[in-house]
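When the chains are written out, they are named A, B, C, D and E in that same order, and each has its own residue count from 1.
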Amino acid sequence: MTDIQNILRERAHALLDEGKIACFIGWGATRFNERAMPKFIFKAEESSSLVYNEHCLNTLAKYTLDFQYGAEKVGLATRGCEARAINRLIADGRLSRDKVYLLGIPCQGMLEHGKPADKCVFCRHRNPVVYDELLGEKTIELQNPPRFESVLELENKSDTERYDFWQKQFAKCIRCYACRNVCPACNCLECYTEQYRTGWQGKQANTLENSVFGFTRAYHIGDRCIECGECERICPMEIPLMKVNRKLVKDVEELFGVEESGLSEDEIHALGSYNKEDLEEFM
Amino acid sequence: MARAGVFICHCGSNIASVIDVEQVAKSAEQMTGVVYAATNKYACSISGQEMMKQAIIDHQLDRLVIASCTPRMHETTFRKMLGKTSVNPYMLEVANIREQCSWVHTDKEKATAKAIDLVRMSLAKVLKNQPLFTSSIPVCKKCLVIGGGIAGIQAALDIADGGYEVTLVEREPSLGGKMVMLDKTFPTLDCSACISTPKMAEVGAHPRIKLMSSCEVSAVSGYIGNFEVTIKQNPRYVDHDICTGCGLCEEKCPTKLKSSFDQGLGQRKAIYKLFPQAVPAKPVIDAQHCTKLTKDKCGVCAKVCPLGCINFADQESYTTDTFGAIILATGYQLIDWGSHYPEYGGGAYADVISGLQFERLVNASGPTEGKIKRPSDGAQPKSVAIIKCVGSRDVAKAHGYCSRACCMYAAKHAHQTIEKIAGAQVYIFYIDVRTPGKAYEEFYDRTREDGAVYIRGRVSKIYEENGKLICKGEDTLIGKQVTVEVDLVVLETAMEPAANSGQTAALAGVSADKDGWLTEAHPKLRPVETQSAGVFLCGTAQGPKDIPDTVAQASAAAAKVLGLLAKDELETSPMISAVDTSKCSGCRFCEQVCPVKAISMIDIPSIYNGQKVKRTVAQVNSGLCSGCGACSAACRTGCIDLLGFTNKQILEEVDALWQ
Amino acid sequence: MVGKNLSLLPDENKQKIESLVKKAGAKLSDCYQCGKCSAGCPMAESMDLMPRQVLRYLQLGLLQEALSSQAPWICATCQTCSARCPHDVPIAEIMEAIRRQADQMGIRPLRRTYLFSKYFLLPLKLFGRNHELTLTMFYNLTSGKLFQHFTYLPAMLKSRKLKIWPAKVKNRLAVRKIMENCEKEAQNI
Amino acid sequence: MKYSYFPGCSMEATGIEYAKSLNYVNRAIGLDFIEIEDWNCCGATAGHTKSHELGIALPLRNLALAEQQLPGLAMAVPCASCYSRMKYALQAAHSEEREKFSRLIDMPVEGSVEIVSIMDIYSVEKTKTAISAAITKRLSNLKIACYYGCLYSRPPKITMAHNIENPQNMDELVRLTGATTVDWAYKTECCGAGHHVDIPQESKPLLYRIYKNARANGANALVTACPMCMLNLDMRQGAVNKAYDENFDLPVYYLSEILAIAMGATFKECGVASHFHPAKKLLQKENETKEVV
Amino acid sequence: MAITDNTNFEPKILAFCCNWCTYTGADLAGLNRMKYPDNIRIIRLPCSGRVNPQFILRAFQKGYDGVLVCGCHPGDCHYTSGNYFTRRRFLLMKRLLEFAGIERERFQARWISGSEAGKFRDTILKVTEEIRALGPNHRMKEADIYD
């Protein structure tokens, strides 16, 4: 990891120095040893403040949106999750590939509270799926991590248990929208929740409206979720949001055979296409 | 403040016998936004309409709910009525209390309660209605016909005779297509050229038809009534404006080539007319084989041309024109059977020929002047095997479909052989004989009477031995292998869509099926229309068919075009999608789900963090949008909405019951 | 009743035919009886039924007729039929499946072919390799064709085209075990 | 170049000339065939007509042996029937049936061996050049009908052959000797060799048609690369002549025999001496042809 | 939450019907004077492809006990492809609703053509019976949660 940190600093320095990029987005140290945070480097000499260790939990890709209209490129430390997020943003028409310069990092998984982070243990793409240059050797991917285990567990319960489970979870929601803000698939210019005139749904933070928000958001990103796990990580109320996201990912895979999102920049997500031979259960 | 009027129709006793209409009116009067509610014996009648018009004036109504029969019945009637009042015709909702209430329920109390609910829902929706205005688009009174075969010729003549301008684009240097290559047409056996060349000449001379030979369509934009089409003129190297078609150049040209018109059996020059009666009757230069153009040698044609028409520096050029309608008549080609059937020699035997080659052999103006001669040695074949379904009904090697015309022309070829060659023996290998057409079965009967031997079974192998072609088959009716040794084999090969027909159709927004045939809007009820409004199709571009069907379909397409061009303006429905660009993220989801490709992306100026930027958003082509609403259901931000069925309107309708 | 009464066929015929055809990886409805298979079949002259007719019997549900036909035993497995079929029907595989099924049921309409196959496998079981002399000996004795190919014998022995002693595989047991395993497996399916 | 080598049972008996001539040619051009130790019979037609399992398992053991003994080498299979069975086995090893068959033969198998015929091997550009270089005689008055038989071509799903009705690779090799090859229609038509023992009578019309078409197209000899076809075409020509009151005189050669002769082998060295149908005379005529300088 | 007596329970069911097929089929049922329960309220839309899955959530929220989405049979869409997208959307949405704890019978989708009046009636009969048996919906319902 120190190797990668060194190369990362070196390359960020060089890229800034050569004027290839206007900013580099990576991670920096915090006052806690076990935490790193997003870091934006604008000057080559600041590159030494970049860190790369097992605490780089944040998936950084969405920050590139801040630079989408700039004249210059932005550099990005790009692991599997960032790479898929970048593809997602490009496929959704929110970013153009020539606006970003990707320094690919094969990732070994991060730690959260001293344990392998939830968002990493089910990761199937530790190596970036897109990059301009790759720092270090490709790492071995996890073979079939049981990412749908918790979904199956809930699926096997009764309607009432499932309903009670989610109502209990969404009762905690404070409608801070952090999940939405951090999500690379939630990249709408203006979220439907903000549109009071159409009245898609109420803004009250009560269990019902919270759960309507929760399920609507899940549906909106269901066929595009890149499984970065940022929503669940960021949620201050510890709502297991990935459980419902993964449910949709699983169904999309089972129903339409569309395996994962964010693997290429020109993919058409499951609901934006159809197959005449799709499962017919409505008759 | 909205001022809604609610009218409850008795429909005689149709509604009133089950629903307490007065009760419904009374309840409606209490609802928010309603300033007037009344019942009406027959809302659709003149007196009923007058009564509502009066109420609009008396109560200054700005929107209406009419509870009556299904909106599919009288919504248009009521809209027309509103057109004569101060109320916008789209400020109307019809509550269906007849077909979906009084006629299906018997309990009066419950039916009345449901009727009130339905009125409440319609009211909730109408309160969110916005005035909408139909717009009209002018119709350019010109039609583009793509393809100059018999389908394109027929359609062009019908439209031009109807009084409208037609541009006919043909890829080859002459009109005529496949029909003009044929010798005789079944079942009447009239001379194909005799009936098609007069039509070609008519096209060439028609004051309202602009013929563009050696041309291809390269781009189409716009929509019904107003298609902008770019046409590419391929270089002809002969100035057709000056050329008189004297033929001197063709006579003197030293380069001899195989004639594609004669299917490789005859010859032509490097400067050539496709065939003697070609329209336009002027030559073009084959750039691939002209030695002047390839090696800068020769140039004889330029030297002998008395008018100096030859221009070796000719370049391709592009013209753009506007059309109100487009007809696709791109036709077919025959499969390259050699690459699919190595067991038939794969093209190695000169005397195994295609049906179209046979047509040229038997044609009086063909390379043998109508004498059936073997290509290998020019001898007259005494025995001929005709093999059907070569490339058709054969999913493993070529196409799964039936090519429809082969059964009949196989019979024709058998008949012609027997007629022209005394004592000739003809064997026809078939799987089924399909003769669904007027006088077709009788023709088949006649061929058998002539002495053609029909053998039911597909030939497994054709090979040459001691100067004879040997066809190994099974007569499946006796269940024994049979072999015939013949002098000539005619393969009745499958039709397939003309090269590039799919690409040309795609330019006009028309799709093709898995075999490449262009797709009609509805196989039974809209057989010459396509999913793209204003684009029609006819002939073999749509699927394999014979000449009578092709001509009938061409005239049908022409009739549709005439109906369209007869209008000065087209009224467009205002109930189409609209984009709120301020919220659009440009994610293209709407573009992906739009069935008519009415949505495209456009860059608009925008402000981001205080700087001027270009932002990509969706835009709707109002000429193309068919108002299905798939886009607005897809849109996550809800920024694309279907006017008349907006998200807000539908949500209000959902909510209505529980206010 | 005249002819085959198709309405009175046992239901099990259909299932049996289905499973047989499935083993061959085929779909009976793909065949539209064009006859190209039989037209090109090199052995068809010797067959009691055309390959096409064998398929037709199966299509109609007449299993017994198909199983007792000599055609599948005469089939040289040259694959010409399958290669030229316009609907990709694996006819050769179907013929083979019929032959195997008939063999298992003890239906051997062409005894000589059956005996040949049987005794072809005998030296395999014994030595792991083929041995023409053993095969010919057993075959000629059982088939009644006692002196078939006799005239060729001296020349073949002289030119060492026939060997008196069989070549043997060292690990003959392994080959025998494989043959036994396969026999068991085939019966289980 | 090295290949693992599965000779097949015929090569030790009826196909002994094939083995001799192959050996001669390989030595001349420096090819190394390493025989798989302890190989067993592929089961041939009797195997796969008995059961699918037997038809796969018998050849598969040889594949497994080759993988163990000679990993990474392609397997040369000179007999068309063995070649076909090996290809079937290879396909099974690549299918979901692998585990089942691995169990039946009680050996691990990967399916990592490439199966090649003699024509495949000799058609490799480098080898072809070596063959050309080793040829010292031009057999220019030979007019050869190349007989490929069934199983090198069909079923194409197994053999992966491109040109199943009119293959060319043997023709190209034969032409290296200066002989002409004729275009004819029976290159891949079956000769009925499979019924050589049980119903030999029935293969006569097949042979008759093959001889007839070869002669009609001007051939004076046949060349094959399959010991089964060879035995049938060679041994039964007299019988066919008798049955059809014909006088076909078409000596049959192995591809390798023709190559060996052109490389200067004696009849004995390459096996031509022991054919059923007299095969020497035609080549003796060839001996008058000039030496290549 | 009040315990309701199911015997007198009359479910309210909302149906989104496309104009060209199902709405026409419903009209035909009327024309043929077929009888079916009055529990159904139809919202007419141009195409089943117009139905935003959020409408379904909204209907449950507002108090409907069941929701139906009906359109043309796949391949028959007036707009060619609308119902293919409908099928994908609601295959997914149906599973999401079940995952959220809404009983599977409460949301259903059907293809009913303009000529299938009988099918329309049978569908309404069946769905009404199923939902009557389930009893009123309290899940994700506004009124109940605010009470």
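As a convention for this text, a residue touches a chain if its C-beta (ideal position, glycine included) is under 8 Å from a C-beta of that chain, and two chains touch if they have at least 3 such contacts.
In this text the structure is predicted, and so the values were computed from the model without any measurement.
Student: Could you tell me which chains make contact with chain B and chain C both?
Tutor: Neighbours common to chain B and chain C are D.
Student: Given the two chain pairs A-B and B-D, which is bridged by the higher number of C-beta pairs in contact?
Tutor: A-B
Student: As a quick test, compute the distance in whole Å between the mean CA positions of chain A and chain C.
Tutor: Inter-chain centre distance comes to 61 Å.
Student: Taking each chain's centre as its mean C-alpha position, how far apart are chain B and chain D in Å?
Tutor: Computed value for the inter-centroid distance: 55 Å.
Student: How many angstrom lie between the CA centroids of chain C and chain D, rounded to a whole number?
Tutor: From the centre of chain C to the centre of chain D is 23 Å.
Student: If you look at chain D, which of its residues touch at least two other chains?
Tutor: Expected reply: 164.
Student: Where does chain E touch two or more other chains at once, residue-wise?
Tutor: 53, 58, 81, 85, 89, 142
Student: Give me the residue numbers in chain C that touch at least two other chains, ranges are fine.
Tutor: Counting only residues that touch two or more other chains, chain C contributes 45, 80.
Student: State which pairs of chains touch, listing all of them.
Tutor: A-B, A-E, B-C, B-D, B-E, C-D
Student: Touching residues of chain B toward chain A in the complex: what are they?
Tutor: So the residues of chain B in touch with chain A come to 582-589, 592-593, 601, 608-609, 611, 613, 616, 634, 636-639, 647-648, 651.
Student: Considering only the defined contacts, which chain B positions touch chain C in the complex?
Tutor: Residues 343, 389, 393-397, 431, 456-461, 472-476, 479-482.
Student: Which part of chain C faces chain D closely enough to touch in the complex?
Tutor: It comes out as residues 23, 42-43, 45-46, 74, 76-80, 82-83, 90, 92, 96, 99-100, 103, 110, 112-113, 115-118, 120-121, 123-124, 128-132, 135-136, 139, 143, 148-149, 152, 155-156, 159-163, 167, 169-171, 174-175, 177-179, 181-183, 185-186.
Student: Name, in rising order, each residue of chain A that touches chain E in their complex.
Tutor: Per the stated touch rule, the residues are 154-155, 159-167, 192, 200-201, 206-208, 211-212, 215-216, 218-219, 222-223, 244, 247-248, 251-252, 255-256, 270-271, 274-276, 278-283.
Student: Per the contact definition, I'd like the list of chain B residues that touch chain E in the complex.
Tutor: 70-72, 96, 98-101, 103-107, 110-111, 113-114, 117-118, 121, 531, 575, 593, 595-596, 626-630, 632-634, 642, 645, 647, 650-651, 653-655, 657-658
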